[in-house]
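Here subunit A shows up in two complexes: once beside subunit B, once beside subunit C.
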Partner chain A sequence: MAEKDTPYFVGFLPIPAGLKLFLLVVSLSLITGFAAGGILVGISQDDPGQAGFRFDHGRQTVTGVFESHPYPMLHITMGSEHLPTGKTIMVSGQGKTNIMRGRSDELDGKIVEISGVIVQRGDLKMLQIAGGRRGLKPTEEDGVVPVAEDLGTWRVKGEICDGKCLAGAMNPGRGIAHKACANLCLIGEIPPVFVSTKPIEGEEYFLIAGPDGKEMTQDTYNYVGQFVEAETRIERRGNLLVMRMDPAKMQVTP
Partner chain B sequence: MSVKYIPVQWNPNKWKYNAVMLIGVFAYLWLFIEWTPAIMSNDGRINGQIHNARAFGSCAFLMLTVILCIGPLARLDKRFLPLLYNRRHFGVMTLFVAITHAGYIINWYFSFSASNKYEALLFANTSYGQLSGFPFEVFGIFAVLCLALLAATSHDFWMKFLTPRIWKRIHYLVYFAYISVVAHVGLGILQDQQDKIFIVVFIGGALTVAALHILAALQERRSGDPDALSSGEWVAICHASELREGYAKVARLSGEERVAVFLQDGKISAISNACAHQNGPLGEGRILDCLVTCPWHGFQYDVRSGRSPAPFTEKVPTYQVKLAGDQVLVNANANPPGTFVEPVPLPSGA
Partner chain C sequence: MNAAESIFFVAQVWATIGAVVATAFLLFGIDRIDEDARGAYIFRPLLVPGILLIWPLVLWRWWVLERDLDNWRNRHAPPRRAHLFIAVMFVVAIPLIIAVSWSLRQEWQADFEPVKISLLHGSAGQGDAAA
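Up next is the complex of A and B:
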C-alpha cells in the first residue's frame, strides 16, 4: 500500500474505515499470540521429578546417635515406619537453618530423640525438625558413633546442591536458576549434597564435607548448581556416603 | 493533547488499546498458571510459587519484546502507527508484571533464611568472575529498575519538565532493560532448560526484535530524508511540482535538524519536523482541519505559525520559504518556535 494512500490514524479521532480490518487482525493476532505463548511456554517446563515434604507420612519420631559435623545427622537406633533402624539421616532445621543454631556441640555422640517431617526425593531423605525440645530431645546417654570407613579416592561427575531443596523443599531445587537459593541454604548450613551422574557404591546422593572432613569450604559455592567433575575421597558414615570435596580438585565441565 | 496535566487523557481508542493488551496478558497468565498444569505430565510437581514466577517472568519478556517490535514495525509499515499511540500504558503494565515475577522469586528463593531477603538477593551468589553460574539476578534487578524509571517518568509532565530531548534519551533505557532481560534469562533459566520450546520462543523473540530494528534502519538508509542542497543560508528542498496538498516533503538541514515543507490550500509553509511532544516526525503527518497532525500522538500545529491551536501551548520552529523558479527554498536559520511566516503561494502550473 502506497504511503499516501494509507488511512491516517489520529488517537483522539475515530479509527479510519480503511484501518479497522487491519487493526482488528493485529489485535486478534496479539491476543492469540499471547494465549499461544502462555500455553507453549507453560507446557515446555521440564519435569523436576517427584519430590517434596512427606506430610502424608505424618510426623516421624526416631532415636539415635547424633553427629553434628560436618553437618547434623542421626544414626538411627530406634526407627519409625519410614525411617528404619540402622539408617543414617541428614537433619535440617526450619527453612534455611541448621539445627545447631542455639544448640550445643556437646550433643555429639549422645543418644537423642528427634521429631520432624521427611523431605524426600527418591532415595534421598532429610528430616526437617522443629526448634527446641519439640524437635530434638537430648539425653545424657552416650551412643556409639559409627567409625568412618574410607572408600578411597574417586573421580566423580555431577552437581553440588543444597540437600534440602534437592530433596523437595523446593521443586525444582537444583540447577543454575536455583543457585542463589542453594547458596543461601548452604550459608545457613543446610547439608550440601552431591548428585552423581553414576551410582557409586550403589548410591546417587552424597553428603559433602570439606577436604578436612569438616564443613564444605566457601570456595565451593562457586561451583554450586553447575555440572562439575571432581576428584574426591569418599567415606561411609553409618550408611551415609560422604565426599570430601576440595575446590582445588574440581572443575566445571560443559 | 491537553492544556493541563491529568493522570490519563482517556479516549475510546485508548480504552480499546488497553483492553486488547490486557486481554492478551490475562490470556497468557491464565493459560500458563491455571491451564497448563492440567495438561502437563508433571502436574503439581513444580512448586506453585516457581510456576507463577515463571509465568509472570516469561510474560514480562514477551511484553517487552512486543513493545520493542512496535517502533520498527511502524517505521516499516505506517499502518502499525496506532500501536505506537498508547505504548506507554503497555510499558507500565510490563513493569507490574515484572515486579510480580520479582516478588514471587524474592519471597520464595530468598526467604526462609536468617537474613533479610532483599540483602540475601544481593549476597547469596557472588560468583561474578564466571559466566556459568554468574549472578544473573543482577540483570533482572537492573531491568526492573529501568522499567520503574521509565514508568515513573512516562507522563507528559516529565517530558515537559525534562524537555523531550532528555526525556527521549532517558527512555532509550528500554533497550538496556531488554538486553538485561536477555542476559537474565540467558544466564539463568536457559542454562537449565532441556525442553526446546522455551528456547525457541526466547531466542526467536530476541532475534525478531534485533531483525526488525536492522530492517527499519536499512529502510531508513535507503529511503531516508534527503539532504537539503545548500546555497548560502537558503537551501533547496524540492521542486514545487513534487508537493502534494495536505502532505509534506522532509529534508535534512544539518545534523539531526529536519524541515517539513507542507502544501496547504495551494500555499507553501515550512516548520520543524520534530513535534514538541516527543520529537515525532511531523513531516510524516498530514494536515487535518488546517492543522499539521503528528502521526505518533496526534499533537497539532498551525503550519503557518508552528503553534498548537488555543488553548494548547505547544510550539515548533518555523522557516522562511521562497521560490526560485520551480525550486522550493527554505532559510536554514529556523525562526523561534511559534513565529508566524506568511505562506508562499504555489506558482500557477506547478
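Up next is the complex of A and C:
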C-alpha cells in the first residue's frame, strides 16, 4: 500500500474505512479485558471485614496508668462509654507515628489523661490521640502498673501486622506493598500486633514485644506482613495479651 | 538499621536530593535551557513530583542542553526503536508476573490450633491445645 493510501486516524475526523474493524476489535478487547482483570483482582482479595475509625463514638477521654514499653498502652482507671474502666488499650499518634516522640519515658507508670478517636476491628481497639496536651495530659501522680502474668510458651501461626492499620485505619492486604506499608508504620513505632489463626485465652490479637519484653527486635521486621509460625512466650498485661517474639524461633509458612 | 529502615532511608535521601534539584532547576535552570518557560511560573510546581523521582535525568538533560550537546534529531530515535520490543515484553511479562504472584501466595492456615508447649517460661512442655 502506498504511503498516501495508508489510513490515518484523526480523532475529530470520520474514521477511515480501513481502520473501523481494527478500532472496534481494540475497543471491545480493552473494555472486556479491563473488566475481566478488575473482577479477577477483586475476587482474589480477602474480605477486609468490618473495621475503621469510630468517629460515630466521638472523642473518648479516659484516665489511667500509662505504660511506655514495649509500646504505649493505658490501663484505664476512669473509663468512658466505649472504653470501660479496667480495659488496657494500645495508643498511637496521628498517621504513622507513635505518641512518644518528643515525650520522655518519665511518663511510664504515671497517671495520665488521654483523649482521642477509637480505631476498632472486633475486640481489637486502639486509641489514636492528638498531639500535645490536647491528646495526653500527664500528672505527677504515680499509678500501679499491673504485674505481668506469664501464660507460658506457645506455638502459634498467624501474621504480624501494624496494629493501627489492622484495627481499621486501613484495610489489610497481601504482598509486598502490604509488607512495605506495615513496616513503614512499625518504623514509626506504631504498636505491632500478631493475628493468630485461632484464639488463645479468648484473644485473637496480641501486642508484640521483643524477647526481653521491650520493643520488637530489628530482625522481626523481615517477617512482617507474611504468614509465620513462631514459638513465643505469652503474658497478660492488664487485660492485653503480649507476645515476646524471638525472630530466631520464627519461620515463614508455605 | 534493618532492611525496611534501609529502604526507607534511601527513599528519603533520594527525595531530599530531588527537592534540592527541583528547587535549583525550577528557579534557575529551566529559564536557561527552555526559552518558552521564561516568564511562566504557575506550571512549575506541577513539575516538582516528577523531578523528585527522576532528578538524575533532569540533571543530565540540564547539563546536555546547557553545554549545547543535544542532537535533537536523534533524541527520540533509540526509544522509538525499542517500542515494539517493549510492548511485546509487557504483554508477556504482566500476565507472567500476576500468575507467578498468585502461585506463590501463602495459605492462611485457618485450622491451625495454637499449642501450649510449656506451662511457664522455661518449664517443660505440656502439649495442651488451646481451649
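Just so it is clear, the second predicted complex is superposed on the first by the 203 of 254 C-alpha atoms of A that agree within 3 Å, B and C clash if a C-alpha of one lies under 4 Å from a C-alpha of the other, contacts with A are read in each partner's own complex, and residues count from 1 in each chain.
The working rule: contacts are C-beta pairs under 8 Å (C-beta built on N, C-alpha and C of every residue); 3 or more make two chains touch, one makes a residue touch a chain.
Here the structure is a predicted model, which means the values were calculated and not measured.
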For this session: Look at A:Asn183 in the shared chain and tell me whether it touches subunit B only, subunit C only, both, or neither; answer first, second, both or neither.
Result: both
Problem set entry | Touching partner for A:Thr85 - first (subunit B), second (subunit C), both, neither | neither
Exercise. Is A:Lys157 touching the first partner subunit B, the second partner subunit C, both, or neither of them?
Worked result: second
Exercise. So, A:Gln251: does it touch subunit B (first), subunit C (second), both, or neither?
Worked result: neither
Problem set entry | subunit C versus subunit B, contacts on subunit A by residue | B
For this session: Examine A:Asn239 and indicate which partner it touches, taking first as subunit B and second as subunit C; both and neither are also allowed.
Result: neither
For this session: Would you check which partner chain A:Gly175 touches, where first means subunit B only, second means subunit C only, and both and neither mean what they say?
Result: both
For this session: Identify the partner contact of A:Ser44: answer first if only subunit B is touched, second if only subunit C is, both if each is, neither if none is.
Result: both
Exercise. Touching A:Asp219 in the superposition: subunit B (first), subunit C (second), both, neither?
Worked result: second
For this session: For A:Thr6, select first, second, both or neither according to whether it touches subunit B, subunit C, the two together, or no partner.
Result: first
For this session: Determine where on subunit A the residues touched by subunit B overlap those touched by subunit C, and list them.
Result: 44, 46, 175, 180, 183-184, 187, 221-222, 224, 226, 252
Exercise. For subunit C, which residues count as touching subunit A in their complex?
Worked result: 1-5, 7-8, 101-102, 105-121, 123, 126, 130-131
Problem set entry | Complex contacts: residues of subunit A adjacent to subunit B | 1, 3-4, 6-15, 19, 22-23, 26-27, 30-31, 33-35, 37-51, 94-97, 101, 170-172, 175-181, 183-185, 187-188, 221-226, 252
Seminar exercise, completed: The answer for subunit A against subunit C in the complex is residues 44, 46, 150, 152-157, 159, 174-175, 180, 183-184, 186-187, 196-201, 218-219, 221-222, 224, 226-227, 231, 233, 252-254
Problem set entry | List of subunit B residues in touch with subunit A within their complex | 1, 11-14, 20-21, 23-25, 27-33, 35-37, 39-42, 45-47, 50-51, 54-55, 58-59, 62, 66, 78-83, 85-86, 108-115, 120-121, 124-125, 127, 129-130, 132-133, 135-137, 187-189, 191-198, 201, 244, 247, 285-286, 288, 293, 295, 297-298
